[in-house]
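Multiple structures follow.
In the two assemblies presented below, chain A is common to both, partnered first by chain B and then by chain C.
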Partner chain A sequence: MILTGELIINLIITLFRIAGGLFLAIVIGISLGFAMATKPLVRNFFDPIVTLTYPLPKPALVPLTMVWLGVTNKAAVFVIFLGAILPVIINTFHGVKSVDDRLIWAAKSLGTPEKNIFWKVVLPASTPYIANGIRIALPVAFIVSISVEFVASRAGMGNLISYYSDFGFYDYMFAVILVFVLVAFVIDRVTVAIMERYLRWYDGK
Partner chain B sequence: MGRSKISVRGLSKVFNPLKGNPVVALENVNFDVEEGEFIAIVGPSGCGKSTLLYMIAGFIQPTKGEIIVDGRRINSPGPDRGIVFQEYALFPWLTVEGNIKYGLEEKGLDQDEIDEKVSKYIRLMGLEGFEHKYPKELSGGMKQRVAIARTLAYEPEILLMDEPFGALDAQTRELLQEELLRIWEETRKTVLFVTHSVDEAVYLSQRVIIMTCRPGRVKNTVNVRLDKTLSREDVITSREFVETRHKVWVDVREEVMKHYCIVEG
Partner chain C sequence: MENEAFSGAERAVSLNLRETIGSFISSAYSILVIAIVWELVGRSEIVPYYFLPPLSDVLRSLVVHIADGTLLYHTGVTLFRAMTGYVIASFVGVSLGLLMARFKSANWFFEPIVALLLPLPPLTLVPAFILWFGIGHLSKIMMVIVACVFIITASTYHGVKNINPYYVWSARSMGTSESKILRKVVLPNALPFIFNGLQVTLPISLIAAFVFEMVSGGSGLGSVEIYSARFFKAPELYSSLVLITLVGFIFDRIILKIRSRILSWY
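Up next, the complex of A and B:
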């Protein structure tokens, strides 16, 4: 399995899907979280959608995405995106909501015009919350990726796990799971280290 | 008589909470502040002192009445009015230096000028060696020094201070009071200082405005005639200080008791 490169190729495929889904979730999730926190109209529209879909297990949507997008990378990325975007939206939303009015006032009295308050105060003040959302989204993306690949994929780590399991190669199956767990662990640690480096000013618990 | 620096005319503020009855925070407040004057505003908690200061700062709008600064009616924050909050309101993601620089960069000063002013105010507030620390690494007293330096560096003509030493321990508080007096003697900025400490108000200011309990109105104004060049010890043991303090205390006490009556039923 290692010699033929089967493991590496499938690992790379899964990681690319995770990266794609996470990237979209972060970019769109942050934008939507900000919009919901600052524009009541956006909030009223998306709030019920977010609240209702949060407890929904995203792999339940796999059959539907297969109908829409087929057994493709796009389908896998889409479901990972759906799973990962919710914690990003929710944490960004709360981050923006919890910005202290007095920070905004202080900035205004130090000459920051209203139109720059977002970039100068609201965004930096909410980065710890956004980082937390991304941290929560990360394992969600890993979990969802494997579940999607069980069903709607002809490649990837999830596909490999179900393949070995179907044919009774349980030693191989556990090897794949172990490798995936290790990779996920390392990625999580690296993410946390980067966040701690850039958020060393943050006084949160 | 010259034109007033700040003129508060018939100022009222009513808050309309989503639930419950409207709260009249301030009702028909009138007073004038001369250029270079140090005014203290005292009153029981919840009397709208901070609301009054925030309206002068331009953060919130009055329901009725107007505030005139240098002959112009104000309705938004401006570079002429600097604010210092009780809980510092430092930008936590910026270092001490970054915080002091903030307003200077917003002003669009060139780098040399910024560096010069930053080091001047770091020295003035005794912050040498802390330039690259983040606010979370500082004690309350040091944070407030940074906040004062940040506001002073922007060089506003008016300094609005909302219980700036209220969260500090007694020793730090006294130290910063003396430093504020020294800075005021040097710069002669117009200062509006909100506090609930009668001692602090009388020690620092030239005039104490006493507010009534809700709705907040001006109850009385007491002039303070103390020789600010004397040491703290000599000031607080002087007859003038003791008498003025008593005069203010009696008024404040009366309002605090009224406040208790409302709260207790």
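Up next, the complex of A and C:
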């Protein structure tokens, strides 16, 4: 499979979808989390929505996007985005809320303008929480991507697995599963290593 | 005089009521706004009906299918699979975690297995499980177990390892037997960690059962949803989504309640 390129192409398709969905989820999730933590109006609006949709099994949205966007890349990226955004929002929210008030007061008393307080104080101080949220969102993105490809896709690793299983090529099916698990494992390790490197200053709770 | 006091109390009650209603509206108004917009967009036929049917149609289909028992039956099937797997996974996970934390040999054997299987996205195994366990209850329950058990094992293990050794030493020096130490010292101290694991895996058990039903069909809420989507029965699609959200929400609340009751000392 590696020789025919089939595996590589489908792996790239899946990873591309995951990357797209995760990227959108991180960008929008962090900004929404910040807005919710700092603006009561935004918080009141989104708080019930987040509480209500948090226990929803995210792969349950697959048939919905199938109806909305068809069997397309867009649909897959959109579901991954929906699944991954909630952990990012919630962790960013708690991260911003947990920033030590004294840090902000100190910055203010030294005459830092509001805009710089956000970029130089609040954002760095809440990165451990945000990183944690991204780490939770990562396996969610993998799970959702596989289930969307099982059900509503013409390409990708999940599609390859269910294709081989439907036609009885079980050795090929297990090979694909193995490759996907290994890739997920390596990506998780790499993420953790990057986070540990950049959050060395943070001594845990 | 008595009358006045009574009316005062009544006023306090009515004020209280008004406050709770007010806080309810201010905390849930976004849900109302979304519901109204949904209904209006659905009614106005800007988007096709199968895209977004009006909310009232979804609710009507929900009521109709609950009344004739089909949705209740499918919800029951999904819950049966998720809960059987979840309960088995909790027992196996907690005992495995305790074993690994207490006995070096168990840890030596199981640690690499857990480390390898913990980050595995369990849903990749759906086709393999259909092959091994068929498409009945068994394969779904096994999937729920595999999806939950290692997370519970890992959190139990960390909970037991995290105990202050002075507690164990002092219990031992007072002559407490090893099995009693396990029950009276180790387990209560590890309980917050174990509950973390149980709380995280509860929605996972629902997801595993649901997605398996989506892929393999049979019965259950997941298959209802995928069939509705394939046949463009939009109200049914949305009502199964609403129902699974509701189930997840209620379960989340229940485990929070149990947790706060058992761990009131924590």
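Here is the rule we use: the second predicted complex is superposed on the first by the 202 of 205 C-alpha atoms of A that agree within 3 Å, B and C clash if a C-alpha of one lies under 4 Å from a C-alpha of the other, contacts with A are read in each partner's own complex, and residues count from 1 in each chain.
Throughout what follows, a residue touches a chain if its C-beta (ideal position, glycine included) is under 8 Å from a C-beta of that chain, and two chains touch if they have at least 3 such contacts.
The structure displayed is predicted, hence computed values, not measured ones.
Student: According to the contact criterion defined above, which of chain B and chain C contacts more residues of chain A?
Tutor: Tallying touched residues of chain A, the top partner is C.
Student: Touch check for A:Arg102: first (chain B), second (chain C), both, or neither?
Tutor: It touches chain B, and chain C stays clear.
Student: For A:Ala125, using the defined touch cut-off, is the partner it touches chain B, chain C, both, or neither? Pick first, second, both or neither.
Tutor: first
Student: Using the superposition on chain A described above, determine whether A:Ile8 touches chain B (first), chain C (second), both, or neither.
Tutor: In the superposition, A:Ile8 touches no partner, neither chain B nor chain C.
Student: What is the contact status of A:Phe46 with respect to chain B (first) and chain C (second): first, second, both, or neither?
Tutor: After superposing on A, A:Phe46 lies in contact with chain C but is clear of chain B.
Student: Answer with first, second, both or neither: which of chain B and chain C does A:Leu110 touch in the superposed model?
Tutor: Only chain B is touched by A:Leu110; chain C is not.
Student: Have a look at where A:Arg200 lands relative to chain B and chain C in the superposition and call it first, second, both or neither.
Tutor: Touch status of A:Arg200: first partner only.
Student: Identify the partner contact of A:Val27: answer first if only chain B is touched, second if only chain C is, both if each is, neither if none is.
Tutor: neither
Student: Looking at chain A, which of its residues have contacts with both chain B and chain C?
Tutor: none
Student: In the complex formed with chain A, which residues of chain B make contact?
Tutor: Where chain B meets chain A, its residues are 54, 57-59, 76-79, 81-83, 85, 87, 89, 91-94, 102-103, 106-107, 134-136, 150-151, 154, 156.
Student: Over in the complex, which chain C residues touch chain A? Could you list them?
Tutor: Chain C reaches chain A through residues 26-31, 33-34, 50-51, 116, 119-128, 130-131, 203, 206-207, 210-211, 214-215, 222, 225-226, 228-230, 232, 234, 237-238, 241, 244-245, 248-249, 251-252.
Student: Which bits of chain A are touching chain C when the two form their complex?
Tutor: 44-49, 51-64, 66-68, 139, 142-143, 146-147, 150-151, 157-158, 161-162, 164-165, 170, 173-174, 177, 180-181, 184-185, 188
Student: Per the contact definition, I'd like the list of chain A residues that touch chain B in the complex.
Tutor: Within the complex, chain A contacts chain B at residues 100-103, 105-112, 121, 124-125, 127, 200-203.
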